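Below you will find the structure I want to go over with you.
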Amino acid sequence: MPTILGVPMQALFGQLLLGLINGSFYAILSLGLAIIFGLLNIINFTHGAQYMMGAFVAWMLLNYAGLGYWWALILAPIVVGLFGVILERLLISRLYKLDHLYGLLLTFGLALIIQGLFRNEYGVSGLPYAIPSELSGGQRLPFMFLPNYRGWVVVASLVVCLATWLVIEKTKLGAYLRAATENPTLVQAFGVNVPLLLTLTYGFGVALAAFAGVLAAPVYSVNPNMGADIIIVVFAVVVIGGMGSILGSIITGFTLGLIEGLTKVFYPEASSTVIFVIMVLVLLVKPAGLFGRTA
Amino acid sequence: MSSAAASTDASPIATALPEGKDAKAFHRLVFVIIAALLVVLPFILYPVFLMKVLCFALFALAFNLLLGYGGLLSFGHAAYFGMASYVSAYAAKVWGLTPELAIIAGTLVAALLGLVFGALAIRRQGIYFSMITLALAQMVFFFSLQAKFTGGEDGIQAVPRGHLFGVISLADDRVLYALVALIFFAGLLLIYRIIHSPFGQVLKAIRDNEPRAISLGYRANQYKLAVFVLSTTLAGLAGATKAIVFQLASLTDVHWSMSGEVVLMTLVGGMGTVFGPILGSFVIIAMENYLAQFGAWVTIIQGVVFVVCVLLFREGILGLVARTLKRPL
Amino acid sequence: MLKRLLLASALCATACVPALAQTPVKIGVLNDRSGVYADISGEGSVAAARMAVEDFKAAEKGLKVEIVAADHQNKPDVGASIARQWYDRDGVDAIFDVPTSSVALAINQVTREKNKAFINSGAGTADLTGPQCSPNTVHWTYDTVALGNGTGGAMVKRGGTTWFFLTADYAFGQALQRDTTEVVTRNGGKVIGAVKTPFPTADFSSFLLQAQGSGAKVIGLANAGGDTINAIKQAAEFGITEGGQAIAGLLIFSSDIHALTPKVAQGLVLTEPFYWDLNDATRTFSDRFAKQAGGKKPTAVQAGVYAGVIHYLKAVEALKSASDGSKVVAKMKELPTDDALFGKGTIRADGRKIHDMYLFEVKKPAESKGPWDLYKTLATIPGAEAFRPLNQGNCPLVSKS
């Protein structure tokens, strides 16, 4: 069997595939962050908490309303997105004229509150959430056993990312969005309701986080801290991709998933740090990230 | 990229009030009050608690030097604080150095680390600067987790307080408090001197308008690097002292949430005020200490403090006081 | 008026005689109330301590017991400063529980310096009764050596001769792996691989795949908390157990299994010193506990706090004073232990509490009759074999003869 640096090729394929799956989560999460940053100029630290909320809402729908995974996939993003809209209207919208720092601090505080409240209510051991029966089991590929659910995660996230990108790049609404990003005053003058656009954008970005949360619920531990650790990594992804760059965040999300997957084979201890090494290198070479435009 | 909602006239992070002639006299009064408090408080409050506050106050002061006067928001200050604390603990425990030498060793390492990281980070601005400092700090965290000498997540425990200059035993909390108070006060004086020196004036000029400062012939990057190193050195001094006080150094001090905590302290106290971070760290540490029995509520309350501060009084407690008094603090 | 007062005191003289010579005892329950160990210790440990004071009938025995509690947030410096304040200012005589090894080691240090008592239930590090052992510390419930011993030894005897470890990349994970490896090889097994996973890790699939590829019969999880839960959840997803490999949890508690549900965790083998459904005494206690703890059954750590408080109070009652920590701990070592949850036992010179450990297997969903019906007992490991032999811990308190 051919090997690369002592690792069998076949095992390497498996690891790359897994990396791609993890990349799917990074891609959806960083896409949401990038959209929010691009338009609102807010670094949304609450994103991790909103991802967690998505998973919890899925659990609640199942246990309080008897609605299963597929319903949750639609309803949880809507519920959490609405929550995001309320946050934006009540709190975040007050900070648009201020430095980045304040938005970051506000959303950081919100994340602490949300996570704390969930911790008080549900503890930290996590809640059970089963893989939907349609997706249980798996495929025996020549190089690995691929659970059906993981395959679904990649497909779902690719579809969502692509759809989002198309909406922003190809539709009229997307054109408004992009225009408002460039020059809000002018767009407002053309009769577009920019504040509403901002609110909806924030809601949509948050809904994406919740969608990722529902996707994660059957495979990761559903607990109040689940978003706290991933958020820092996702930040790094967004920065590497170029803050606010939609396509950049998607591509970087998947790519970094792959790189992380490879690190897990060759230097597993460093797999959570490698992203930060890349971030420093990228920022030193390309100050605005890989796909960002320098101001 | 250009940003919409936040228009270009975004208010700077910190706006110090213009200093009139009487500011100096007023500040002298503030220093006297602080010195008096340092003497009186240990008779009222628990000295170990006060020492913790002082260590964090110095840390926040150092952080604020960089943020409030250099205009640079570092998200990785835990790296210098924590690494100094490791080195100081290791020097005191394994090499058997006297506490003052251990603290100096820790501080020097933080300075060196600051020099290397600063040289990389100051080449970028704004949020990118913050992100580089965060990423570098994550690497320090990784190093601390991996390196043998840090003791992994057990940290370095049972660090001896030792004898100052090999003579004065620090086992008594009151003696140690005197040392910590002295270090704190010296640090505070130094920071005050830096801010009000010509060097500090140039820094403020760069913070407010970098291209103009450059066109006036100042080498902005050298100034930024200098203030970065000063800040990390003082943060290191705080961390090194803390290791001796609590007789341990652990991963908590290098974790990114510690970097967040120092931002919180500075925000609560008042960014861009000289004395604000002291008050801020007092408030935050007191909350951590006295709310410990409420468990998860501590983080919720901290979150609420963040939100309230950002929405209602961005200039922090002392910023508010300063505005009311119409005097810079 | 005076008459009534006299009457009242006369009444008291008959009803509450010991009130005359009340020995004040202040107990501090210091643990994680917001982080990863909040469910295994947390508020439940405080409830357990309260029940212990009640069951000991402390007031009747002349002890005036007060309980305080705090959250150490799994940070050693936070824990150490709370401990200092408790001892120096608030008159706390003994600290209980303290999960998270790093915090436990810090409290161990402070307690010795202040000559108080520290009865640890929540932490895993065997250093507490090893190189760091102290005349003021008792380590009650479990330690990493005992867990590795139980699971490692028993698994090899049951045919799990080749091992692959998923080890959390920090001192605690490495200690677990080291201690378990020792037992596995001593019993004739072999460790064929290990992978260090960053702490914390959300996605274990890559590491599980490596473990799967190794062909080892047993995959040992040398990690804790959320990491272990994630690893088990994903092992089920990747069909590890169906593929014929066994998963051994080296540090996992019933609250974790409850959260995972038997459907996901079925077949997992683990070692614990306590399970609510062991016998009538544990069942009665657990029902009472559940009423106070929102329906949750006690974990081993919470049970350890209960038993530790009972034995501590016994020693204080005998000494009629709680002020000298090392004397109280010496008394605790002298008196045999006997409580409803751990049965009869002893405390060794190095501070190690000795009791039986149990090897459990998580039931299949079909066998489980309720949300807390989790384990079937595979083996009982007698106390004498469960823990590290006294002379191998390098504890300075143990004279080398």
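Note that the chains are named A, B and C in the order they appear, and that numbering of residues resets to 1 at the start of each chain.
Quick note on the criterion: a residue touches a chain if its C-beta (ideal position, glycine included) is under 8 Å from a C-beta of that chain, and two chains touch if they have at least 3 such contacts.
Here is each chain with its UniProt name: A, B, C = ABC transporter permease.
Model, not experiment: these values are computed from the prediction.
> Based on CA centres, what chain would you say lies at the far end from chain B (ABC transporter permease)?
Chain centre farthest from chain B (ABC transporter permease)'s centre: C.
> Name the two chains that are joined by the greatest number of C-beta pairs in contact.
Max contact pairs: A-B.
> Would you mind pulling out the distance in Å between where the CA atoms of chain A (ABC transporter permease) average out and where those of chain C (ABC transporter permease) do?
That gives a centre separation of 37 Å.
> Would you mind pulling out the distance in Å between where the CA atoms of chain A (ABC transporter permease) average out and where those of chain B (ABC transporter permease) do?
Here the centre of chain B (ABC transporter permease) sits 32 Å away from the centre of chain A (ABC transporter permease).
> For chain A (ABC transporter permease), which residues are shared contacts with two or more other chains?
Each of 116, 119, 269-270, 272-273 in chain A (ABC transporter permease) touches at least two other chains.
> Among all residues of chain C (ABC transporter permease), which ones touch two or more of the remaining chains?
Correct list: 34, 38, 169.
> Two or more other chains in contact with one residue: find those residues in chain B (ABC transporter permease).
146, 295-296, 298-299
> Under the stated contact criterion, what part of chain B (ABC transporter permease) meets chain C (ABC transporter permease) in this complex?
46, 48-49, 52, 145-146, 151-155, 157-158, 173, 242, 246-248, 250-253, 288-289, 292-296, 298-299
> Mind pulling up the chain C (ABC transporter permease) residues that touch chain B (ABC transporter permease) in the complex?
33-34, 38, 42-43, 68-73, 75-78, 80-82, 84-85, 88-89, 101-102, 105-106, 109, 125, 127, 132, 169-172, 174, 199
> Sort out for me which residues of chain A (ABC transporter permease) touch chain B (ABC transporter permease) in the complex.
38-43, 91, 94-102, 105-106, 108-117, 119-120, 180-184, 194, 198, 232, 235-236, 239, 242-245, 269-270, 272-273, 276-277, 279-280, 283-284, 287-288, 292-293, 295
> Can you check the complex and tell me which residues of chain B (ABC transporter permease) touch chain A (ABC transporter permease)?
1-7, 9-13, 73, 120, 123-124, 126-128, 131-132, 134-136, 138-139, 141-142, 146, 256, 260, 263-264, 267, 295-300, 302-307, 309-311, 314
> So in the complex, the part of chain A (ABC transporter permease) that touches chain C (ABC transporter permease) is made up of which residues?
It comes out as residues 8, 11, 14-15, 18-19, 21-22, 116, 119, 123-128, 130-131, 138, 144-145, 147, 149-150, 218-221, 223, 225-226, 229-230, 261, 264-265, 268-273.
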